[in-house]
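We call the chains A, B and C, going by the order they appear; numbering starts again at 1 in every chain.
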Amino acid sequence: MDSVFSNLTILLLFLTPVASTGLVTLFRKKRIIGVITICSALLILVQVFVIVSRIISEKTITAFGNMFYIDSLSTIILLSISIVGFVSALYSKNYMGRQYDHGTVDDKHLVRYYQGFNVFLLTMLVIPTANSMGIMWVALEATTLVSVLLIMLYYKENAIEAAWKYLIIATVGLSFALIGTVFFYYANINAGSADDAMNWTSMVHNSKLFNPNLIKIAFIFILVGYGTKAGLAPMHTWLPDAHSEAPTPVSAVLSGVLLNCAFYVIIRFHIISSNAIGPEFSNQLLIIFAVISVGIAAASLYFQKDMKRMLAFSSVEHMGLISLGIGFGGLLGVYGALLQIINHAIAKPLMFFASGTISQKYETKAMSKIKGIIKIMPVTGVLFLIGGLALVGMPPFNIFLSEFFILSSGFQSGQFLATSLVILFLIVTFAVFLRHLIKMIFGNPVVPMKKDDMGKLAIIPMMILGALVLILGVFVPQQLQTLVQNASTIINHGGFA
Amino acid sequence: MAEILVGIIQGLVIILLSPLITGIMRKTKARTQKRMGARLLQPYYDILKLIKKDEVISDQSSWIFRICPWVNFVALAAAAFFIPLFLTYSPFGLAGDLLLVIGLFALARFFTMLASLDVASSFGGLGSSREMMYSALLEPALFLTIFIVALTYGGTNLSTLVTEVSSATLLPHPQLIFAAIAMFVLVLGETGRLPFDNPSTHLELTMVHEAMILEYSGKSLALIEWSQAIKLLILLVLVVNIFVPWGISSSITIPALGIGFVSLFAKISILAIFIAYFESSIAKWRLFRIPDLVAVAIASSMIGIILYYIK
Amino acid sequence: MVSTQLSILTISGSILIIATFSVVARRGFIDWLNAYRHQSIVLAGVTAIIGYITGIWEIYIAAALTLIVKSIIIPKVLTYVTRRLEIEFKTETNPYVSLRTSVIISALLVGLSYFLTQQIPFKSDPVVNVLLPVSMAQFFIGLFVLVNRRTVLSQVVGLLIIENGLFLFTMVLTHGVSLIIEIGIFVDILVGIVISSILLFRMGRTFDSLDVTNIENLRDD
């Protein structure tokens, strides 16, 4: 009875985007397809809330034998996918509508866009729910392919270039990841597992028997491979291009969720490798990559001229912080990192939406040509400022909280060098980011423009996200706290809920 | 006694048969290019005709120019006696080392280069400088390939080598596949076949070997042509006997020797036809692209050595 | 394990390396595709032999898929897409490292992969000993081709070689991951090739060239 219910939960979760893709293909009308996508994203959100409530009471859900496995850790990712998916769908309606009016896209492109968007959501939903590491790999590779299609929606030179770089770099990165995955699989087979050797649960179960040297090599492959997809420096080079050239709602999903999905897989392997050889090895690696990421992001932010590229580098920085939290370990560090995943998934789309609206209004992404946002688009300007302040970690916004947890856990665990370096980089980021932001928001517009906030549908998703940024900065709801705490326990105690 | 006799026969067979192999290759090339081509025995007639002809020698030349054909012929004919042909060993085997054969080749080549410089014609200089470049490039590949073979079968003595080869099963030595690829390139380079040099013309500015022997005529030319043919046959025999030694006889009985001879002749002909066909399908390469091909040979032999040490 | 099987595997391993080298050593796109096709056919054969040795029926399906997808469909798709391209897009005239050096480097990479596989603790199994280094070598050489060449087409070929190496790697080490995942990987490759073909097509039309130096507009300076 119970398993039937679980099967249904998973099946419905996957069927929603599939059905929505089908409907989009069927109707092909500009008005309807946007609404269909919004409805399906809302449906996914509702289902995820159901899953959240179940997970809080039951800790794990397994479905279809052992094929799907959801615990608190996966639920956090599911939550970020569904929230960002919903607001992006909402924002797409306005954004793509404007692109249509502007003549950048035609009906065919719109249909393709919404199909891609739904399939993209589907592939991302598979990653946290799958139990088999192989299926996770396949789904992650599928996200690459779908998002490449979404990036090359526009026939622009830059879009083609970004899509090509993304395709090549991500595919090569994932091929490293596959080697690492096969190493883990091999270790699991040697440890005596048979049919379900690719399953995470089986790997965790046998992890004490794995050959330590093999696991070390395997984890390096995993970190380099999935780290490419997660945007950890120095494998991040595709990220600014792809994020800046994609249609804005897609950028939001790429940055807010896809990076998390890739990092989620790293966390899964981190748990196994910690079980097998103790946490020091993978922790050290994660910290090294984290410090490099934050450092490179800080340096690159200084030189940015393009608004969306600036946000993309800020994503690199935040992925670095998440990796830092996991690497520091301990209850506080992991708790902070997981909270950071959610907080970043809320704040970054807000910024992308705002910048998308702004660049549509100003018809440019160059920051030097954008001045006086607050005078022309008051609401968007305020939300843009809130998001920006949250991203640099100002109190009382949400990211401050998680960054604080992460950094204090760094001092607790005695990683003084890494922590102080990161703090230094964060200060640089803070100054540079705010400087860019203030120059854009205040001052007088270069060309006089009509005061206009670009429509309700553009504002509503931003309002939702802005409210969440504020609320999560002041207090974390009880349910979310339990969820994150459970997930931290999973990471710290070898995978069992 | 019988051994000595067989050994002498082996050497003589190489020397006497070599123009025929050249003939086969020319005929094949002609046929693949939709020509009738000369008769198979034409190289013999050429040599006989040249021997009968008068010789013209430049009065600027020294004794080097005059002894070069003889050095060539003697060196290569001597090498011919060390090669196990249809018997797994050569009775003159004690001296018959692979390195010695290569040394004799180098001697012949050295004198050819000197002689071509000796007459002070501009073509001679061109030819010898190119030849020097080729030999410098081919040397590392050649020695790496010999290493593989020597390591695999324990020694560079040709007789022991071929004896070992004929008793071993073929498949368990993957390094030999790579050695064979390198060897094929080397044969093409050493004998001046097509991507390296066009053997069928002395009218091209890009010629190498033909440029060096441009001043020769009459008897000397005949000797040089003949020694070239011998060199080609020796290399083909080496390839065949080291990499595909099927059918070679290991005892001195008439039927075994007969089978050995027939199978050897068949294999050599097939290889010769293959090379000729290969030559027809490609054009001569630019001089500066030749290192690419040599690099393939070197890489291939390096992989062979890696494979040897890994196993 | 019968020694003839092992011998056949050894020989096929050598052929795989040779086919990989012919991608490194040649300049034309059609030559690369042919080398890739031959490689894939041998790969399918090797897979079938591994299936025969281990007696797992799923491996036969993987072998059949390899034969169909990699040696027929992918070359067909790529030839179809590039048919209308001008010839100078299809030849690699100016790699970063010259051809002869890249051949030597690739040989060193083969050495490296043998060295690496000896460092990693694997169960001693003749199939693993023979073919695992070959798969690593394919992987490394594919990476090298990918970074060394300037035309976009050779990057695609580099990816394909890497992918073949990966396939051999999984096949040899773990006798293939489960069939569902295997099929998923095949679908991913196929879709990836189709997408990259579309991109190639657009790139040819937008830039009038397929040189990577054209796609270096997006950078931070």
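The rule we apply is simple: a contact is a pair of C-beta atoms (placed from the backbone, for glycine too) under 8 Å apart; a residue touches a chain by one contact, two chains touch by 3 or more.
All of these numbers come straight from a predicted model, not from anything done at the bench.
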*Report the chain whose mean Cα position is at the greatest distance from that of chain C.*
B
*Find the two chains joined by the most C-beta pairs in contact, please.*
A-C
*Work out per-chain C-alpha centres and flag the one nearest the whole-protein C-alpha centre.*
C
*What is the distance in Å between the mean C-alpha positions of chain A and chain B?*
66
*Starting from the mean Cα coordinates of chain B and chain C, work out the distance between those two points in Å.*
37
_Distance from chain C to chain A - Cα centre to Cα centre, in angstrom_ = 31
*Enumerate the residues of chain A that touch no fewer than two other chains.*
none
*Of all residues in chain C, which touch chain A in the complex?*
120-123, 139, 143, 146, 152, 155, 159, 162-163, 166, 169-170, 173-174, 177-178, 180-181, 184-185, 187-188, 191-192, 195-196, 198-199, 202-203, 206-207, 215-218, 220-221
*Residues of chain C touching chain B in the complex*: 3-4, 7-8, 10-11, 13-14, 17-18, 21, 25, 99-101, 103-104, 106-108, 110-111, 114, 118, 133
*Within their complex, state which residues of chain A touch chain C.*
132, 134-135, 137-138, 141-142, 144-145, 148-149, 152, 155, 157-158, 160-165, 167-168, 171-172, 175, 178-179, 182-183, 185-186, 189-190, 195, 197-198, 211, 213-214, 217, 240-241, 244-245, 300, 303-304, 309
*Inside the complex, what are the residues of chain B that reach chain C?*
171-172, 174, 177-178, 181, 291-292, 294-296, 298-300, 302-303, 306-307, 310
